[in-house]
Amino acid sequence: MSNNNGYKLVQGNEACVEGALAAGMRFYAGYPITPSTEIAEISAQKLPQIGGKFIQMEDELASMAAIIGGSLAGLKSMTATSGPGFSLMQENIGYAALAEIPCVIVNVQRGGPSTGMPTSPAQGDIMQAKWGTHGDHPSISLTPNSVQETYEYTIKAFNIAEKYRTPVVLLMDETVGHMREKLKIKDSSEIEVINRKKPTCEPKDYVAYRPDEDMVPQMASFGEGYRYHVTGLTHDETGFPTNNNDVSGKLVQRIVDKVEKNIDDITYYEEYRMEDAEIVIVAFGGVSRAAKSAIDDMREKNIKVGMFRPITIWPFLEKQINDVAQKAKEIYVAEMNLGQYFLEVDRVAGKKCPVKKINKINGELITPNEITYAVTGGAIND
Amino acid sequence: MSNNNGYKLVQGNEACVEGALAAGMRFYAGYPITPSTEIAEISAQKLPQIGGKFIQMEDELASMAAIIGGSLAGLKSMTATSGPGFSLMQENIGYAALAEIPCVIVNVQRGGPSTGMPTSPAQGDIMQAKWGTHGDHPSISLTPNSVQETYEYTIKAFNIAEKYRTPVVLLMDETVGHMREKLKIKDSSEIEVINRKKPTCEPKDYVAYRPDEDMVPQMASFGEGYRYHVTGLTHDETGFPTNNNDVSGKLVQRIVDKVEKNIDDITYYEEYRMEDAEIVIVAFGGVSRAAKSAIDDMREKNIKVGMFRPITIWPFLEKQINDVAQKAKEIYVAEMNLGQYFLEVDRVAGKKCPVKKINKINGELITPNEITYAVTGGAIND
Amino acid sequence: MAEKSLLQNKDWCKGCGVCVGFCPKQVLVIENEKCVIAYPEKCIFCGQCELRCPDNAIYIVGGTKDE
Amino acid sequence: MAEKSLLQNKDWCKGCGVCVGFCPKQVLVIENEKCVIAYPEKCIFCGQCELRCPDNAIYIVGGTKDE
Amino acid sequence: MFQKMELRLSGSGGQGVILAAIILADAAIEQGINAIQTQSYGPEARGGSSKAEVIISKDEIKFPKVTNCDILLCLTQNSYDKYIASLNKNGILVVDESVNVNMNESYKIYKLPILDTAQNKIGTHMVANIVSVGTLYALIGEDVISKDVMIRSITNRVPPVTVDKNIYAFEEGIKLIRG
Amino acid sequence: MFQKMELRLSGSGGQGVILAAIILADAAIEQGINAIQTQSYGPEARGGSSKAEVIISKDEIKFPKVTNCDILLCLTQNSYDKYIASLNKNGILVVDESVNVNMNESYKIYKLPILDTAQNKIGTHMVANIVSVGTLYALIGEDVISKDVMIRSITNRVPPVTVDKNIYAFEEGIKLIRG
Amino acid sequence: MTNTNCNEMTQKYYRVDRMPHIWCPGCGHGTLMNTVVRAIDKVGLNKDDVVVVSGIGCSSRAPGYMDFNTLHTTHGRALAFATGIKMANPKLHVIVIMGDGDSSAIGGNHLIHAARRNIDITTIVFNNNIYGMTGGQFSPTTPYGDFATTAPFGNIDKAFDLCSLAQGAGATYVGRGTAYHAPLMQKLIEKGLENKGFSFIEGLSLCPTYYGRKNKKGNAFKMHSYFKDNCVDIKVVEKNPEKGENKILIGEFYNSPKTEYTEGYQVIIDKFQK
Amino acid sequence: MTNTNCNEMTQKYYRVDRMPHIWCPGCGHGTLMNTVVRAIDKVGLNKDDVVVVSGIGCSSRAPGYMDFNTLHTTHGRALAFATGIKMANPKLHVIVIMGDGDSSAIGGNHLIHAARRNIDITTIVFNNNIYGMTGGQFSPTTPYGDFATTAPFGNIDKAFDLCSLAQGAGATYVGRGTAYHAPLMQKLIEKGLENKGFSFIEGLSLCPTYYGRKNKKGNAFKMHSYFKDNCVDIKVVEKNPEKGENKILIGEFYNSPKTEYTEGYQVIIDKFQK
């Protein structure tokens, strides 16, 4: 009777939960904060119905700790928050990185700094997602720009976390989290789900932090007979703390390398009308939708403009940006912050062509007109 | 009888307290953590003797909160920590930035990520010092490289904090914090001490967040008769929360601009043997001392090498690095991390000359030989 | 000493009805999502409304203090 | 059933002297920062030393369990 | 022919304009066309006036926010004052009759007894949002979304015990436009 | 003539080699020459073996760590095993007599009853570090730091009630070298 | 009840240009805020010497309307900010207003430590048994079995008794009132202000919008009536224990002054002043 | 006392290749760790099903030496990690070992919340009244007036009674032993392990290196003797209150099982399984 093709109207935050469940999330620990709260609320509703667990912790420090614990005990685990909570999670995100515990952290960005603009969209935590915790560490962040992508990339976030044993950040923004649009929930047969590598050896032969060739060690869950030690101190392959400087240094290098050297496997991006583009707009998340619209407008005036949209924000897509810069005459980085992703684009592309900023931090989504205006200097759309 | 010229042997961490006291610090709140603990211990000893206050808080979240409170009540306030504690302080550092509360945060860096290498030197929190909290915000960080400089730049950190009403981070590293060398404590007449601007108007006319021409609003202390409101929400000039997008955006822009546009006033750096240098080493903190030594060695072999040492790490000294790049044939950024400050140097200087990394993350200070080796490809010092 | 009277700050009233519920004399009613002093003559100045109003939108003026 | 005897793990002993203090029979002494079982013959296998040693560096073997 | 329509629904916090917007968007998706629904919030989760937006379109919707408002609904004076400037000059304004409006404008104006219909005809002010849905639907047109689909969307989104009352409200809303 | 000297002092956790290093550096500064003192720590604040370094120099000291060890002090076997490789071939090794050392080396070796002197001559193992200071001072030489300055430095850095005992220990340390 | 009539009090102590406040119709926070202001008035504090600090939440918006030195901090940290203020200037009268979530979920640690130190801060919790600001998630004081957006099948967390928690941690003055028992609430706050040390006063508030709606508690007036019918003063229960059965205890629970923290610190400072 | 003799126990339950441990000579933590292991042995838990979690501190190094599933987390957060583990797999026996600072300074909030939920975790605090790992700063349990590197003029902070705090927050099994009263300590841990719910056992430890030295408490043996002479069992005091005067109370303080958290959650899950 209806011709909806299996689509339904869903909010971004809800699509995130749907994706997580499809990926196998069975433990959620969190603390409410606007504009991510629906993720907790829907998880609370859905998880027990399929035998999963939801817990509301006392704060975000505890939430992050709890999902690491849940993951170690064998369940795929997630938490969701926004800026202030993301700041509080940083110490334990670093722990998960060093101890190599797979988990997914969703940050639905709102206006900062501090309490800032709690109900307004922003993209002010881009650099924090990479650098928020102390010390060198791997960082992976994905930025969906639609409800459907939120679903898809939540699944991918879990897959990457499990494959590389590392925390993965899904960096949404209030626009994407709170908007409702169509979503097609996929059949489980259509979804690729990756699980962490389990030990292939006997417990007595298990060396918990000895990496395989892919640089990732096999991971036993607590309670499976592989009794091992996990610590946030630098440790050797056995997992026990070491005072050996070189072993310590190599550990940190390995956890960074296992991500950086596998970057091709976690590279997601979209190119829009890039074939002959001389002007390239780099945009992601909610802003990329304004960019698309602006590009359509400008193309109508025969301006050769296209968009490069990184979906993988971290690690930085150096190779792709480099390629873009090779061909572009000019690059604009449009973001709802004062120029964060810009810095990396400028570093890489700036050697080849001018890189400019389009920024907005007043809690409103950048509009297509603003982009057009910035690119054309107001020549069209006056 | 002795010919010490007023010098005495002092540990870096102690020099930090001496500098703080000289600058007028009268409130310290902190939570112990290696390798910063001596700063708390010496503060606990010295403050009450001059009528100041020390409190050991329950954690770093509380410590950061308490110094903001102390500063609002009128005392110059400081806390000190290391990586894990610095991560925990991030939320409230953002608060201090947005609410424009002067305070000084000392981070004596140790090996990370996570608990990492608690007693080893590192420079792994360089990017975190700028990007650790959510949202766009101003960041100021200074990096002394000796005991004397620790004293001097702690004073400057307070002066900058007071002048610009913003948190200032003193980024030390374990090497500098724990080493003992000579310090000359200055006479108070030789020290420039800057205090926050007090309101010049009557309480009834006070508009707490209306900036003067220097973009900095005048600051009354609680209890002085100027009853005003302080919030971490974006607010208008009265200090009360606003839902007006443009007012919010302009507030964030102003707090960033008051630092970025006054950068010349907070620019500190050293150039070493740079007159004719073709190869430039960029280094700071403990590593810069290895660099100096290496440069002396290389100069003996007639290699034209010099050092640019930023003392102000944030805001980034774009102008100076640009000048350096103009003349250099090659730049090396030597740091005890995987290449953090490098990113900004590469962004700015990379458009003009090749920028390379010298990194070490095993918890040991980079040695002069390692720098020489990296620069000469092992040609000398084999 | 001034006569007592009951005053309202309509701008602040949110029409929650708390005062209406507590008034022992049915002086107050809600109309168009605001409280209205419908029967001022019945008011005994018991102070319940002003004590209970979360919005300081209704209050008694005049009379002796500390009664 | 084996005879009881008192054994030591010198590598683990830190010479803290706790066992020496608790031994009711002065069996033990500290020498060169390590505990030494100086008078094994006086030992009554009371178990104080093994109970108190923070380093599991001294213990009784043999004898019936659960005595 | 219908290609794209941008609607803005505004009112006070408790009036349920967000649900109204969701119902419209939901129906559009169900109908097989594209729709996107957004809203703005007050401080954290609450606040005075409330605004919701819906865009329905045959093509992919890129920018999710209303930039070109075709239909503006205002249930209160406050929301009219705040949002009227955003209406297209060729657009349509739907306001409750209690709102004072400048009639001297190029857009089309429907001044309707929405709140009164809800309160006095249906019996509760709670359904004012669904009366509004009716008015908006009448303006969007059956060629865009079928009435069946609309009714299904309402049925799915309101509390089960209130379905009949809400469908009644919807029909009355349609009548306010069609007469 | 003296220009620069790099010393490394090592022993077990409780032996106070760090204080010994501080006293030497302190005296050097007091004397008007440059000095820098560093140390390495175990996990957070405690740990087994302990290492301290002092560099004294007439010129500015750039790199603060010992790269070219002129004098190595080892109070325990452990510390000898760990650090001996770092000693200059023309350097000087000072070890407690209890340590087994490879005598067949190019550096100069002083095998001295440091611990025994402390324990049995001065009466407490606690002053072994200051006996060590005496031995090292004897090797550095009075032309570099005057003895008065050394004694003042010790006096300032040890607990007041133990000053005499420590000066005694210092003198005995000097004697171990000078005989 | 007070020496100042209601409207005079409003004019004197509130920032009337910021009103009406953002709270929902019938929210108990407004009534409780009035009890705070009346207590300050009664005790006769100088407005310039009063600092009101809060965290984040509906309740924590209170200071913005109050004409004192006011500080709206980060979620859960109000007491830590307040501790810094009090240490830096012990002459200030520091009052902290928090929600149940703010004070006992994310802020629980600062609560027990401020209580332990017995620092002179008067802490008032507007406890509505829910996270109001974020839209109705359960809090550490939501009763067992109640519903909330994150407890769709009934809450399985046991609730804190905030007064016991504060008292156990070291608070030297402890009491509980409700939005309905406004005069009692005011009295407790007055005594809290007079206690030189850490005072903890819980004010049971009501959130008709979330807690009320989710748990079918009726409108604001009904929720007030619930307090009226279900609370009993500890003094009554002490005499007639059976009267306390299944009731919420209110009243003054603990009042036992001990050395105050900043005074203790002053003793150390004074040692060096002679 | 146990069915396994001392050395067998060492071989069976410790990672002997990691020993000797890093603790200073005479540190009470070693003795307390032995009581944990003996209790596990006595209760007869399967090593594969036991998870030992700690935070950061000297005490928190314990799990590294214990041959179970072991997790050394971040400072103060052990109970939050443990909560995740227990929720994810309720079959695991989760034991948390923390220091006084770890559990009650930075970790105080997680302690009271884990207790409130009555989640089945056996928590053991090695309380040496000091921050040992960082070199002797005062902790929330350092007695009033005592010295520490950050309390050079005597501590003005009042100390927590950790057992009251945990009990007040909701722990269903609570007791205190000491390093000297090792057999009692073991017994309390056994009962804690058997309690299905949140159990809190405080073990008074001793830090000769910092707390002992700063406060002139003598060597490790003297510090043991202090416990011997100054502790009295609650059972004794209940009969003869005067025997408790100026003494440290030890023994079982509270034992009152209530619904356990993960079981409560399972009830919800089961609803959907039919």
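Just so it is clear, A, B, C, D, E, F, G and H label the chains in written order, and each chain counts residues from 1 on its own.
In this section, contacts are C-beta pairs under 8 Å (C-beta built on N, C-alpha and C of every residue); 3 or more make two chains touch, one makes a residue touch a chain.
Just so you know, these numbers come straight off a predicted model, no measurement behind them.
Among the remaining chains, those touching chain D and also chain G are H.
Looking at the partners of chain A and chain D together, the chains they share are H.
Between chain C and chain D the centroid-to-centroid distance comes to 84 Å (mean Cα coordinates, whole Å).
As a whole-number value, the distance joining the C-alpha centres of chain C and chain H reads 58 Å. Inter-chain spacing, taken between the CA centroids of chain B and chain G, is 39 Å. Residue positions of chain E touching 2 or more other chains, listed in rising order: 42-45.
Of all residues in chain C, none touches two or more other chains. Residues of chain H in contact with at least two other chains: 24, 56, 74, 105-106, 108-109, 113, 133-135, 140, 153, 157, 265, 268, 271. The part of chain A that touches chain H in the complex is made up of residues 26-27, 29, 48-51, 53, 55, 57-59, 61-63, 65-75, 77, 91-92, 95, 221-225, 227-233, 240-241.
Contact residues on chain B toward chain H in their complex (touch as defined above): 31-34, 37, 40-41, 44-45, 48, 54, 56, 58-60, 84, 114-115. Considering their complex, residues 1-5, 7-9, 34-35, 37, 118-119, 175, 178-182, 286, 289-290, 292-293, 296, 365, 367-369 of chain B touch chain F.
The touching residues of chain H, counted against chain B in their complex, run 56, 74-76, 105-106, 108, 131, 133-135, 137-138, 140, 149-153, 157.
Chain contact summary for the complex, chain B toward chain A: residues 61, 83-84, 86-88, 90-91, 94-95, 97-99, 109, 111-118, 120, 122, 124-125, 127-128, 130-137, 231-234, 245-246, 248-250, 252-253, 256, 337-338, 340, 343-344, 346-347, 350-351, 360-364.
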